[in-house]
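The following pair of complexes shares a single chain, subunit A, combined with subunit B in the former and subunit C in the latter.
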Partner chain A sequence: MTSNDDVALRVRALESLLLEKGLVEAPAIDEIIDLFENRLGPQNGARVIARAWSDPAFKARLLSNPTDAIVELGFEAVQGEDMVVVENTSRVHNIVVCTLCSCFPWATLGLPPVWYKSAPYRARAASDPRGVLAEFGTEIGQEAEVRVWDSNAELRYMVLPEKPAGTDGMSEDDLMPLVTRDSMIGVTKALDVGEVTP
Partner chain B sequence: MNSIHDMGGMHGFGPIEREENEPVFHHKWEGKALALARTGLAGGHFNLDEFRHAMEKISPVDYLSISYYERWLEGTIAMLEEKGVLDAGEVEQRMKEIS
Partner chain C sequence: MRKLLGVPDLKVPARQGGAAQPGDVQGPVFHEPWQAHAFAIVMNLYQTGQYTWPDWDDYLGHEIQSPDHFSGSAPQEPAPDDDDLTNYNKFLAACEADGENYYHYWLAGLEKMLHVKGMVSNAELEARIAAIAKVEANGPRFQTGDRVKALDIELQGHSHLPNYIRGTLGTVESDRGAKVFPDNHDHGHDGGHDHSHDHGHDHAHEKTDALQHVYTVRFQATDIWGADADARQSLNFSLWDYQLEAA
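On to the complex of A and B.
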C-alpha cells in the first residue's frame, strides 16, 4: 500500500511530464474533473426515470432503444457505450454489477461509488444476489425472479425501478427525488413518498 | 484473461462496505489520475481495451492492495511507456525532481 502523498506525487510527476511534452493542456484536465464532479451524476438518471414514469411513450422508447431515448434528454454517452435499461416489476427484480472492474452508465449515473467497484460486491452480486440485496435492506420475495446484469465496456445497464405506490398524478419534478442512485443500480427500490426529506 | 480482476463468484471478501454521502473523488489526485487517463485515451495513445488490459496485468497482490484510482494511474503509466510516449523510469525521475 502506497501512502496517499506518494501517489499524489506520482500523479503530479505524470501530469508535469505530459504538460511539458504538450500532450495535455491544463484546462482540459480541469474540464474533465468538472464534468465528473459537477455535471454527470444520478440526478441525470433520476430525470430519465421520472420521465419514464410520467410519459408512457418515452418509457416504451427507453426500453426499446435506451441509448437514443437517453440522448433525447441531453445525456450523451461518455465512452461511446450502448445502454440497456431493464425494468423492475413485481415479478422481476434486476441488479447491475461489473464483475471484471467498474463499468457503469456514466452519462446517467456518473462515476460509480466505491462499494460498486469493491471486491465483495463484484464477487457476491454474481453468486448471491439475494444476499447482497438483503445487505442493502432490500427484501425480494421468492415469487419474484432476481436477474443479475454484468456490465462491460460496450454495454452499460441501468435499472428502471418500480414506480412507488401513491405517486399517481405527481409531476416529473416531484418524482425525481424518489429515484436514488442505488435504485437505478437495483440494490434498493425507489423511495416511498414518505421517505423523502424535504 | 482469467486473473484476480475476474471476481464474479469469488468467496471470502467479506461484507460490502458503504459510505454515506460519498464524494465523487476522495482525494484531488484521483480526479487528476482519471483526467490523465482520459486524455491518454482521447489523444489516441492507447484505446480502452488496451487500458483495461494494462490494469488487469497488474500483479494480483498489487491489484488487491492498491486503490481503484491507483490502478488507473499505473495502467496509464504502463500504457504510455509501452507506446513509447514515456521512457521507462521517466516518471520516477520526475518524482525525485519535484519532491
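On to the complex of A and C.
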C-alpha cells in the first residue's frame, strides 16, 4: 500500500467511528464537500470586488462594514469569522498571510491555494513581503508602503485591488474576470484588460 | 498572463452563468478524496458544536508548526526538480511542495483533538484501521448462491440467530458488505444497570472480528421444520460471517 492509501484508510476509519457515535452525519459530510468543491471560490470574491469598483456606495460599506456588505451579496461567513477588507492604492499595497496556519476568507475566496498554506510563504510574507511580491512578478512603487496582514481564526482579510486603468465604464460582469484570487490575497494586482484570456 | 507553476493562476469565465463556481484552474480544491473527507469531518464537528473554531485552530496550528507528526500521516517530501520545473520560480515551487503536506497536518491535528476531547481515542482508531484493513484484505468469504451452514454454537448476546436455524443448511442470498460487529450489544437495549450477573451462563466465545461481512441467508422451511413444512416457504436471515461455515 502506498502512503496515500494508508492515510485514506485512516480517514475512512475515523469517519466510520464518528458516524457510529453520531458525531458526524454522512449527508452533512457530502454537503460540506460539495459546498467547497463547487460553490465557494474566488468568483464570489471577484463579484464583491467588481461591485465595489462599480458602485461607490457599496465600496464605502465594504470598507466600513465588510462582513455585512459581503453578506449583502449572499456570501455568509462559514465559521462566523469577521471580514476585514483592505484597499490597495498606488501608495499602500496590502498583502495577506496566515503566519500560524492557513486562515483564509472561505466565503469569498474558497479554500486557500497550496502555496498559501506553506512554510516558505508564511515565513517570507512576514519577513520580506517585497521579495514575495517580486516572486509573483508584482511591481510596486519604491515609495509605496507594504502592509502585511496576519489572518487568524477571528479575522479574515481580503484585499480590494486597485481598479486597473482603462476600465472606466465597464460593467460589473465585465470587470469580474480582472479580479484574480491572488489579487485578493494581495500577492498580485488585478489583471489588465488585455491580460484576460477569453 | 501571470503563471504559477505553469498553470494560469485563475481563469474566471467572462460571463458568470448561474451558480458561482470556484473558477480555479489550478486543479480541484482537494487533490485526494481523503483530503475532502478529513476537511469535512472537522467542519461537521464544528457545525454541531463539538468545539470552537479557535480551539481547532490551535490543534491545526500546532501540527503545522510542529515536526512531531503522526507516523501514519507522514508528510510528503518536496518533489524533486525535473526539467519541466527548471523555468519555474524556485520560491513558489518550494511553497507548492511544502503546501502539499497541509492535509497531513490537518488529519494529525484532528486525530489529536478527538483523542484529547475523548471522542475517538488513538487505540480505538488504530483498532478500527486494523479491522478495516483485515476485512478488505480478506474480502467476502461467501458469494451469492453458496451453500452455508449456520453454526450450532452458543452465540454472543444480540446475535439475531434463532435457535431453530442453528446447524441448518441454507443458501447465501446476498453479501451485504462489511459491517461493524456490535460487540457492546450483548447488553441489549436496556443498558444502564449492572450486567455482572445478568447471564446465567458464560459466553466462553472467542472474540469475533470488529468488522465482518453480513450475508442474507435463505433457509427453506422444510430444512428448518422438517419434511412436513410448506415447501413453498423460505426464511431469510441476515447473519454475521462468524456465524456461518461453508457447507
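Definition applied: the second predicted complex is superposed on the first by the 196 of 198 C-alpha atoms of A that agree within 3 Å, B and C clash if a C-alpha of one lies under 4 Å from a C-alpha of the other, contacts with A are read in each partner's own complex, and residues count from 1 in each chain.
By definition in this document, contacts are C-beta pairs under 8 Å (C-beta built on N, C-alpha and C of every residue); 3 or more make two chains touch, one makes a residue touch a chain.
Note that this is a predicted model, so its numbers are computed, not measured.
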A:Leu14 touches, of subunit B and subunit C: first, second, both or neither? both
Subunit B versus subunit C as contact partner of A:Glu37, first or second or both or neither: both
Touch count on subunit A, higher of subunit B and subunit C: C
Partner chain in contact with A:Asp150 - subunit B first, subunit C second, else both or neither: first
First, second, both or neither for A:Ala123, with subunit B first and subunit C second: first
Which superposed partner A:Ala60 touches (first subunit B, second subunit C, both, neither): neither
Touching partner for A:Trp115 - first (subunit B), second (subunit C), both, neither: both
Subunit A positions touched by subunit B in one structure and by subunit C in the second: 4, 7-18, 21, 23-24, 28-29, 32-33, 36-37, 41, 79, 100-102, 110-111, 113-115, 117-121, 124, 132, 135-136, 153
Residue ranges of subunit B in contact with subunit A within the complex: 5-11, 13-19, 22, 24-29, 31-36, 38-40, 43, 45, 48-49, 52, 55-56, 64-68, 70, 73, 76-77, 85-86, 90-92, 94-95, 97-99
Complex interface listing, subunit C residues touching subunit A: 1-2, 4, 8-16, 19-24, 26, 28-30, 32-34, 36-41, 43-48, 50, 53-54, 57, 60-61, 64-65, 72-74, 76, 89, 91-92, 94-100, 102, 104, 107, 110-111, 114, 119-120, 124-125, 128-129, 132-133, 180
Contact set on subunit A toward subunit C in their complex: 3-4, 6-18, 20-21, 23-25, 28-30, 32-33, 36-44, 46-47, 78-81, 100-103, 110-111, 113-121, 124, 132, 135-137, 152-154, 173-174, 176-177, 179-182, 188, 191, 195-198
Subunit A - residues contacting subunit B, complex: 1-2, 4, 7-18, 21, 23-24, 28-29, 32-33, 36-37, 41, 79, 97, 99-102, 110-111, 113-115, 117-127, 132, 135-136, 150, 153
